[in-house]
Structure formats: structure tokens, C-alpha cells
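Below are two complexes that have subunit A in common, paired first with subunit B and then with subunit C.
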Partner chain A sequence: MSEQQPLQDVSKMAIPTIPSLSPQVPKQNGLWSSNPVFSYLNDVYTNIAEHRKSLGLTNPGTVENLSKEVTRDVFANQYFFTGLRADLNKAFSLNPAFQTSHTLSIGSENLPPYAFSALYAKEDFFVQGNVDNDLSFSGKVNYGWDEHNISKVTLQIAHNQPVMCQLEQDYQANDFSINVKALNPTLLNGGFTGVAVASLLQSFTSKFAVGIESMYSRQALSLPPDSAVNYFARYNAGNWIATAQLQAQGALVGSFWRKVTDRVEAGLETQLVASVKPITDSMMGTPIGYEPVVEGQTTIGAKYEYRQSVFRGQLNSAGKVAVFMEKRVLPTVSILFSGEIDHLKNSSKLGVGLQFESAGNEQLMLMQQGLVDANGNPVPGAPQM
Partner chain B sequence: MATYQLSLSDESKERLAKVLDYSRTLAHYGFIPFILYLGWKASPTKPSLFNLLSPFPSA
Partner chain C sequence: MAAKDQPSTITQIYNSPAFTAAVQVGLFVAGVAFIQSPLMDFLVPQL
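Take a look at the complex of A and B:
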């Protein structure tokens, strides 16, 4: 022990690395930061960090939300449904948010006849579960460790089907985002099987960001693993956003979003897919070779937001016209309408729905009807009870 | 190629499969009741189970 004493003393001394420079930046006096090599590295790191800060970069969002403004906000695809449906939402509390929902549907292609879902959300914690009449279950838990780190778990369990479990970690720094996720990862079969995806999106100027995503998947140990790399770019100029994606399967996707006026947004997405398709003999039906195929599709859409209603319409180059309308007829009742006409195939789809908001207690009920505000005070101009 | 083999005996593998199966069942049937419990605890008027599950307004 006595031999170690001098070493500790030396390490506790602050040794100036650049003698001419004074005053010294106060440093932690551990061995790791005071020795010349690490001190130099720390200086370099600090310089780079300061330079990055001086560029005024902002967080570019995540790769998952790259073209969110077009594909999720403007386009109707996500909201589209067919048949008749009724949503009965019931709110019990607003902060933390707690809500249950019953969805009934008839004649739909993808909605189950009955589904129940529950949602609970706090500032840093979000949990949601959904179960339908076949007892198929899907659930989601998000937890924010701090303002930069979010962990997400997604579960899907259905009878007689393998469990889907996705673990995800989001790290959003001042000028870049990293996302790591794994789908059904396991080491039990004698090696890694499942899907692992890692992505990085980095801002280069305050408007321009570039990203890369790589994926590794192995369904079973007996099968060879698959890997893929995708590239992304995004330019956000405030009232318009352009994005581009180059996917490993040979697809090039470009999107453009524009805020036309305060209440109107327009979006355009175009896809070019290059693939290799087998050619089959027209007589025998046996494969005789391969041919490269390039296919393209463009969708253009607009969203109009009014005080009591939202309209979305879109048109694509395959001859499909679709609309989705949501109108609030009473403070607690909305009507949904979705329709699609495929001009090339001469087919159409129609969906009509009703959405009811109800409350689990009296104050929330008055609030939903616009009679009191969030603090329980009467809203000026509201009809008196 | 180096494969990272997880060396487990057959017995512990069986036990692990059982644990995974139990946790699957637990998540399947326990997740929604867990959310309902969290929400019940957080809402100011502790609603009854019937109120929690009925779609109709309960005020």
C-alpha cells in the first residue's frame, strides 16, 4: 500500500497541460482527466462540442417520423376503414390521462367486430392495451428516463400465433437521434435470432439532416442471416419539408409536404421500386429467367382542417381516389366517413362511423360539452344550466 | 465463424420455456387489468368496476 501513496498524490495534482494558457479551466483532478493524453482528448472533445453548439443545430426527429407530415398527417391511409363502426370513448381523468374505448364494427376488412382498449398516460409514462373478441392482445409501454431517452416495449399476443415482442430505445440529443430496436430477439436457440435495427439521423445544418439505418435479421439458425442498409435525407424549411429514402430492396421514396395556408396542408409521395421478377414460361408455367422491373407510384393529397371537421383527400397514379372526413356534430359526437374509388379496377370501398365521447365523472362531462374549462370554472358565453 | 453458444442444460432450458410461457399468459390476461388499476388509482372519483367497463357515461 505504501508504494501506491505517491502515485495517488501525483494524480491529485492538477498538472497544467498547456503552461502558457491561463487561467486554467477547472478540471476534475482524477488520473483520467489530468494525464496529458486524456487532457488533450478532453480539450478536443470540448472544442468539438462547443463548435457543434455554435452551429445552432436542432434535433432532426427520428427516422421513423421522417415523412410523418405526409404519410400520417396528410394522407388518409392510416385512418381508412370500411364498413360500419362505432367508437365509444370514455374518459375518466385528464391528468394523468386515463381513457377506455369500445369499438364495434360490422362488415370491415380489418377491424374486429368488438375491441376494447385502455390508455393511461403521464408525462413520462405511457401505457396502452387493446384486446378484441378473439382475445388477440396488443400492448405498448413507453417510459421516458429523461428528456433524451425513451424506452418502448410493444407486445402482440394472439392464440396459436407466435408472440411478437419489440424492444426499442430512443436517444434524442441536441442535433442527432439514435434509435435501436430488436424484434423477438433471443439467444436460446444457440445463437442470435430475430431482427435488430439501428438507425442514426444527424442534423448538418439547422434545416438539413441525413440518416442511415441498418438491419440484421435471422429467422432461424438454419437459415442464412439477412442484412440491409437504408439511407435517409430530410430538408425542413419551416413551411415545407422534403424527404428522400433509399431502401436496400431497391426502392427510392421521395416526399414533399407544404403548409399551404394556416388550415390547409398538401403532401406528395413518389416511390420508384426496382426489383427482379422471375419470368415464367407462358405455356408450361416454369421459370425460365429473370427480368428487372421498375415500378413507380405517386400519391398526392391534401388536408383541410376546419373548426369542427377535418377533410383529407388523395389521388394516386394507380387511379385510386380516396377521402376521409371527420366531422364533429355535437361536442361529444363525431361522424367519420371514408370512401375510396379504384378507377382502374372499377371497385369502391365505403366506411361510415360514429364516435361518442363520454365521461366517467361529472366534471369531465361538463367539460366535454364545453360548459366548464379544465379548472372547473364556467366558460363565458356557454349556456347556463 | 464464431457462434456465441448459450450453454444451458436441457433441464434449465425446459424451465426457461415454462417461465416464458407463464409470462406470456400473464401479459396476455394481466396487462389490461393492470392499466385499469393504474387509471382507477389515478382518477379522482374511484369508479366502480362496472363503470370502468361500461361504455356509457356514468355521471
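Take a look at the complex of A and C:
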């Protein structure tokens, strides 16, 4: 006869149970999970979430940064300037970051003669303001509610131009990103006027993501609204990235980026824009029909990062060769050079600039000169004070 | 009145939208092949 086990050890007894026949354990959280319908929906959601997690998807970035590696990092377009310029930057603190900048320019096509900008940034908060000699103002405020949610407000008040205000919300989940923005939205005129844009970029595999962007625009209630849908795809293979965009206006944009080494990147972008051009009668000058027109441009470029300088060069199918170089000649002084030659139009542009960095306190000054690190410790090998 | 001269076949091909599209797609493919090729690796400075 077997020994009787004490009652308190009943949990350790090997009692065979069949899962389907074992009684359901009441779920926590009341109605939401104990109700059979909600419980079923919860289970479906949990199953899908677990399956998505098992795919090992990563956040694909945002639609705005779809081809950032090519257009912003490699190509010189956004750094390009003409004429002479001088930047006087002063950093007052690093954490939180606070710095001001004075930019003086002469003979430039797009830079104002004088501009002042200030920047303040913390871990979850960023504000930047810029005002020029025409009193044109542009400002940007970003606030991160948590690691997934960022709200952004952009304001532009330019001379003789309407005020532009853009409200934006970014949500970046584990495997997708949503962005919603509105430009000059108002309901005060009896209905919505302004521009509203919503975009979604979803990872399908750990490397491949597709996206869609929808835009609704209405300048005034008396005018008909306009809408457009754009499609995106991005393939990130680690050391190379390919993207494609199909825009509603009839543009197709493809880009390719490769990290050749740690300090060398190469990029390529092709734009094809299809439009319709009216055909006019050569005798009467009256329109007699329409013909499709396709315009295209391909740009290839490379970025080289050296120890004291950064070099960007590019060449496009319209015959333009452009270069932008930034070289640090002293710890606090950099020289900027930008040049462009248009071989088809036989014209050229040139820009030369100086950038001065100064510090608002002694530790920052020592850091700028490479004598101490961010924690205030002496840098090995640097000459000591 | 003299009949208006028709553009040559080559001019017609050159002016067609498909030609522009084909050239740009060709340039893109050639660019990708160049960037992915060992030629791009040779353009890295050996410092």
C-alpha cells in the first residue's frame, strides 16, 4: 500500500492533465479579457503580435528619410552654396546642448547677408530658431513623448510671404512607422483648408519595407480639393540600400547607396518625371492636342571622410559636376569650398566659406582643441596644459 | 505648298519619351553595377 502524501504537497504530485479538458483559468483585468468576444480578439491580437515578433522585423525608418543616405549624406546638394560665407558658431553647453550661430554671406544666390540661429537640445526636446536680416523667421520644436512618439511643430514667417505652420506627429513602432502632418490646417472657414499628409512605412522582412503616403490639399473652400497617393519601397541589405518611389504627379525615383568602407560611401539617384505638354499649331498658335513628355536625370556621387576633412563629389546626366569640401585647418577653424561646373550650359558656380567654432566655457574650449574628452578627462597623447 | 519634312527615324526615336526613360534606366543600372563593382573599391584611398 502506497504512502499517503501530505496535503500540502499535492501540487508536486504527477497528475496527468489534458490541456483541452483542464478548466480555464479566469483571466485578469475584468470584462476586457473575461468576456469571450474580447478574450478571442485579445488572443488573435496576441498571436499576431507574437508572430510579427518572431519574424525579427526592425523599424524601417520614416518615409521622409527613405533615401536619406543618398540625398542628404552623400550628395552635396543641401550643403551647396555660392559666394563667400562665414559661420561663427559658439557652443555654450553640451548636455543640454545649447549653441548659437551667426552666418554672414556675400554674393550668394540663396543665403541671406546675415542670419542668426540658436539651438537647444535635450534628450527628449529640441528647439531651433533662425532669423535673418529681413526678419524672416523659421523655427522648429520637437518633443519626444516616449521612445516611439515625437511631436513636431515648424513655423516659418518670411517677408512678403504667408505664414507657414506645420504640425507633425511621428510614431515609430518595432516594425512600422506612421507619420501624420498638417500644413496650415484650419477649420475656421467652415471646413478644412490646408494640406494634410499621412504616411505609413511597414517592414515586410528584416530587410524589405514598403510604404504609402496620402495627401489631401485644399487651399480654399471655393477651390476644389486635391489629393495624391505616393508609394515607396526600401531594401536595406546592411552595406547597401536601394529605394524606389512612385509619386502621384508622375515621377519615379530610384536610389542606390553603398557603404564602400567605413569612411567612403557612394550613392546614385535616378529621377524620371512624366508630364503632358500641349501641342500648339505652328501657324495659328492654338492648342491642337497634347503629347507625353518624359524628363529624366541620373546623379552619381561619393563621400569621402578623412581625419580632418569631408569631401563630397557628384556628377549628373545633365552635365553638371559638383563638389563640396569641408576641411578643418585648426581645431576651431574649418574651410568650406563648393564648386559646380555645368558643361552643357558652359557655366560655373563657386562658394568659399570659413567656419569658426568658439566655446562658452573653458572645458568646452579644451574639448574643441582636443585636449580633454566629453567627461573632462585628458585625452591620451594630447599636449597637457 | 511643299510638304513638311518628316523627321528621320533616329530623330523620332531620340525624341520619344521611351528613349529618355530607357537611357535613365540604363544609367541607373550602369551606376549600380559600377558602385557594386571592384572599381569602386579601387577608388578608396589607401591611407
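Operating definition for what follows: the second predicted complex is superposed on the first by the 347 of 385 C-alpha atoms of A that agree within 3 Å, B and C clash if a C-alpha of one lies under 4 Å from a C-alpha of the other, contacts with A are read in each partner's own complex, and residues count from 1 in each chain.
As a convention for this text, a residue touches a chain if its C-beta (ideal position, glycine included) is under 8 Å from a C-beta of that chain, and two chains touch if they have at least 3 such contacts.
A quick note: this is a predicted structure, and the numbers were derived from the prediction, not measured.
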Is A:317 contacted by the first partner subunit B, the second partner subunit C, both or neither? second
Can you tell me whether subunit B or subunit C touches more residues on subunit A? B
Output check: A:256 vs subunit B and subunit C. Expected answer is one of first, second, both, neither. What do you get? second
Tell me the contact category for A:216 with respect to subunit B and subunit C: first, second, both or neither. neither
Of all residues in subunit A, which touch subunit C in the complex? 240, 242, 254, 256, 258, 260-261, 264, 266-268, 270-272, 274, 292-298, 300, 302, 304, 306, 317
Which part of subunit A faces subunit B closely enough to touch in the complex? 88, 90, 92-93, 96, 98-100, 102, 116, 118-120, 127-129, 131, 135, 137, 139, 155, 157, 163, 187-188, 190-192, 356, 358-362, 364-365
Within their complex, state which residues of subunit C touch subunit A. 17-18, 20-21, 23-25, 27-28, 31-32, 34-36, 40-41, 43-45, 47
Using the touch definition from the top, list the residues of subunit B that touch subunit A in their complex. 3-6, 8, 13, 16, 24, 27-28, 31-32, 34-36, 38-40, 42-45, 47, 51-53, 55-59
